[in-house]
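Two complexes follow with subunit A in common, the first pairing it with subunit B and the second with subunit C.
Moving on to the complex of A and B:
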């Protein structure tokens, strides 16, 4: 227990256990496989939301291009699965057997060079992590080393999301165009479309999410995590204290990118296709709202926020398609104007005191995470310039 | 890629594409001017700017239908009323939005971005519910149809010329409002130093509201002009918003000259390349170049040199 306590308070331990119980016990028992698969899809967005909590909530960098990284991860996975599905036997009716069907439709006769390495699963798994990380590193280095931040960064990441979408749609022969990469069947010969496989993938996804939450928790509780908050509140003071602010920002941006990419890869596996409609401006900004609804300061809140918004989206757009956009628009405005700390903020101010009274026997002294009004952080963290 | 054409053909291609680029440039300038004023003064990113433009377009559409049905004799000049109405409609909506939404968020620019995005979703859905999801077009009066032949192969459409003249007039108008009027003087004072402007007795809140309304009103005029060269749908505004933001950032915030210069560069690059490459690749290359330049020179082409 002592080792756990160093990076996790009692409350946070309970938080993560509740999420684990919800993911592994409650939801599989309460839902049929169709709904469970749907929630599995929502959970892949939770990876992005957790990344955004670190990047935007804690460090103040709003990226409107998280769809880019989600897409990169998803496309890497989809390329591998597509190559496995396009064996010469399965594609014998094409004019060039052995290449993905959309390439054949676009008169491409040989596999493009950047598709070739994706024949190997090891390479693919590595690429899912490394490609987005490198991409984020390049963007981050170019921007943060020159001290570009705030609104400018948001606009440029948004432009990059637009560029990538146009590129994917324009280069149909290499990327599958607007339909994306579809008709994915097996992973190393294992059929991913059966109910059994969907259960297994759901659990793998859940386990990865718990792992990511733990990892983010470790980052947040480390000295680096306190620096992130310090950079958000008083960037100059951190710089004057001798830290390289840009490196901290680059790290957290890359970290969020990698989380999104993992989500993207799991999305492809569970849903069975990947398309540019998860890359562009609109999905990228919707991902921000998942995080904002959950509470931009809480990684647990982000998971609940993602589930809630997506569940609402599915339910409302099934029954009242016209109302959904009004609702989503109002949600954007409300989450900014009325409850900027989202669900977790509401929880902290209304539910947590009750829970505390019931759960904790001791008076809560020395709890390291006081509820965060944005201004309170600066005073807490910047008084410790070096250790 | 040039080898397949003769010199005269190349000349005409550049002339025609250059002219198409000029029309794109006009739309960009009209949209970016409003955005640049708002962003430059208040640091507010108005993601709903495209929807204000579409509001202007729909107002023009309504006007054209109304005039065609009830006052056919005035049809030749309805466009001027429509433009004034579009300005008033978009401007008053802008003032309302500033009062109800934006003024609470001046300290949090990133949150304004999200809130105005929410506003744009609501407006889009409102347009869809009221006017339907299909694109609508306005009927142009006769004197705007047709084209002027310049040489054998180069022809210039009249509505394009009209849009360009309009853009020129609006740009001059904005210049006069900002640099030759009392309101403009106050606006510039607030841009340069908000606290000092407040200290010498300028009502900065009022200036903010006026500026926001002015920017939105110009967007309304842009929408009005937009109907002359294309049809209007509920989501048409979103297509232009990223380009316009890049233009504003590329030009350097708070610099009107920079906004115009960068609109010109981006629209010309895009439309010239469109002829030789596919439309999507032209756009990718243009945007990539702009993003690349912004990474090297984040303050944009022209920047205000003031002490903060």
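Moving on to the complex of A and C:
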């Protein structure tokens, strides 16, 4: 218990247990496999939102291009699955059997060199982490070492999202173009399209999300977590306290990128395809909205925000297809104007005090119980033992 | 004191330092030396280049020409955090502290350990850290407010907190930009006392407008005017200098 206490308060422990109970017990009991799979898909977006909490909420780096990393993770996984689905027997009718179908349609006759390593699952799993990390490292180094920040950084990440989308669509023969990589079937011979597989993938996804939340919690509770806030509020002070601020920013940007990529890979597994429509500008901005609605300062809030927005999106767009986008816009405006700290802000001001009273017997620590400032000095400078 | 003297005598020696912004020379061929354990105050009218000199030393502004040597190491080629690690601390004009964090956390982040990303991740709040934080907090009159959020401090307390954040780094050269601006009379007195205490074992450079305060603390005064030195010496000598009276102090 003591080791847990060092990186998690009672409130945070409850927070993570509630999410675990929701993911592993409530949702599987309350939903059929179709809805559960849908929520599994939403949960893959939560990885991005958690990354954005660290990167944007805590450290103040607004990235409008997280779809890039979600896509990189998703495409890495999709390439592996596609190669496995493209056996010479399954593709016997193609003019070049044994390569993915969309390559054959585009008159490509041999597997491109960068596809070859994705025959290995080990390589693929490593690539899901390493490729986005390297890409984020390059972007981060180029930007943060030159002190590009704020709105300029946001615009550049958005441009990168646009460029990657155009690249994927343009290089149809290598990427599957605008349709993406579809018709994915098996993972090491295990059919991922069955209901049973969907259940298992949902639980794997949930476990990974809990793992990511714990990892983020460790980062936030370390001195690095406080440094992120310090960089956001007083970048110069951090720099003139002997820290290389650009390295801190590069780290958190890479961290958020890797989380997004894990989400992307799980998306591909659960949904069965990957396409450029999850990479571009619009999805990238939606991801920021998930995070903002949940509350950009809380990793738990980010999970709820993602689920809520996506559930609302599905429900409303089924009923009022034309109105949904206006609804999303209105939601974002409401978040900014009325509750800038999102769901977690509402929770903290209204619900948390109640929960606190119920669960905690001891008085809260960390509140200033010190005497008012003036008395403090008086005591310090003038008070001597009277007698 | 002339430029031919042996550099090693000084903690900091600035020679022929020039910086120009679009042709305007904010600091023009400046020579300035700071001894060990000296409180050196820079005064001068607005736009004289006082803050720019501090910016140049700490690497915030890059020099167009000239050299800044600290312990005979050239600072002009180094990046900001490297200069800090050499032992130069800088306080800004407006208190720049981490408002969302507590006083304790503000001081802890300034403690000179675990400054790399990995070091910060694995940093442990051990007794070394807590003892030092408490020691510094007591020095800057904030020992009863360690758990208070920094945003809730008064203006004067914020200034002290930032001074404390520098002290915990234990710099050999401490640069303070208008440390008593916006402080009450009693806070000024306390700050003067504080400065006299913390200067033991280190040098301090201060930019200040408050002449009473300068009189209280200065060992040596440099008067800057249009990026050049107008006068230099003890406070009494500078105050009697007719050139200084003309452009700055007034008749």
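Just so we're on the same page, the second predicted complex is superposed on the first by the 365 of 387 C-alpha atoms of A that agree within 3 Å, B and C clash if a C-alpha of one lies under 4 Å from a C-alpha of the other, contacts with A are read in each partner's own complex, and residues count from 1 in each chain.
Here is the rule we use: a contact is a pair of C-beta atoms (placed from the backbone, for glycine too) under 8 Å apart; a residue touches a chain by one contact, two chains touch by 3 or more.
Quick caveat: nothing in here was measured; it's all calculated off a predicted structure.
**Q** Once chain A of both complexes is superposed, is A:129 in touch with subunit B (first), subunit C (second), both, or neither?
**A** Neither: A:129 stays clear of subunit B and subunit C.
**Q** So, A:247: does it touch subunit B (first), subunit C (second), both, or neither?
**A** second
**Q** After lining up the shared chain so the two structures overlap, which partner does A:229 touch, if you call subunit B first and subunit C second: first, second, both or neither?
**A** A:229: touches subunit C, not subunit B.
**Q** Looking at A:239 after the superposition, I want to know if it touches subunit B, subunit C, both of them or none. Which is it: first, second, both, neither?
**A** In the superposition, A:239 touches subunit C alone.
**Q** Which partner does A:111 reach: the first (subunit B), the second (subunit C), both, or neither?
**A** In the superposition, A:111 contacts neither subunit B nor subunit C.
**Q** Based on the superposed arrangement, let me know which partner A:312 touches: subunit B (first), subunit C (second), both, or neither?
**A** In the superposed model, A:312 contacts neither subunit B nor subunit C.
**Q** With both complexes overlaid on chain A, does A:85 touch subunit B (first), subunit C (second), both or neither?
**A** After superposing on A, A:85 lies clear of both subunit B and subunit C.
**Q** For A:219, select first, second, both or neither according to whether it touches subunit B, subunit C, the two together, or no partner.
**A** A:219: touches subunit C, not subunit B.
**Q** What residues on subunit A does subunit C touch that subunit B touches too?
**A** none
**Q** List the residues on subunit A that touch subunit C in their complex, please.
**A** Spelled out, the residues of subunit A in touch with subunit C are 219, 222-224, 226-227, 229-230, 233-234, 236-245, 247-248, 251, 366-371, 373, 376-377, 379-381.
**Q** Using the touch rule from the top, collect the residues of subunit B that touch subunit A in their complex.
**A** 43, 45, 101, 104-105, 108-115, 117-122, 124-126, 128-129, 238, 242, 245-246, 249, 278, 280-281, 283-284, 287-288, 290-291, 294-295, 298
**Q** Going by the contact rule set out above, which residues of subunit C touch subunit A in the complex?
**A** Going through subunit C, the ones touching subunit A are 58, 60, 79-81, 84-85, 89-90, 92, 96-102, 105, 108-110, 112, 114-117, 120-123, 138, 141-149, 152-154, 157, 162, 165, 169, 190.
**Q** So in the complex, which bits of subunit A are touching subunit B?
**A** 56, 60, 62, 64, 142-143, 146-148, 150-152, 154-156, 158-160, 162-163, 166-167, 169-170, 281-282, 285, 288-289, 292, 322, 325-326, 328-333, 335-337, 340
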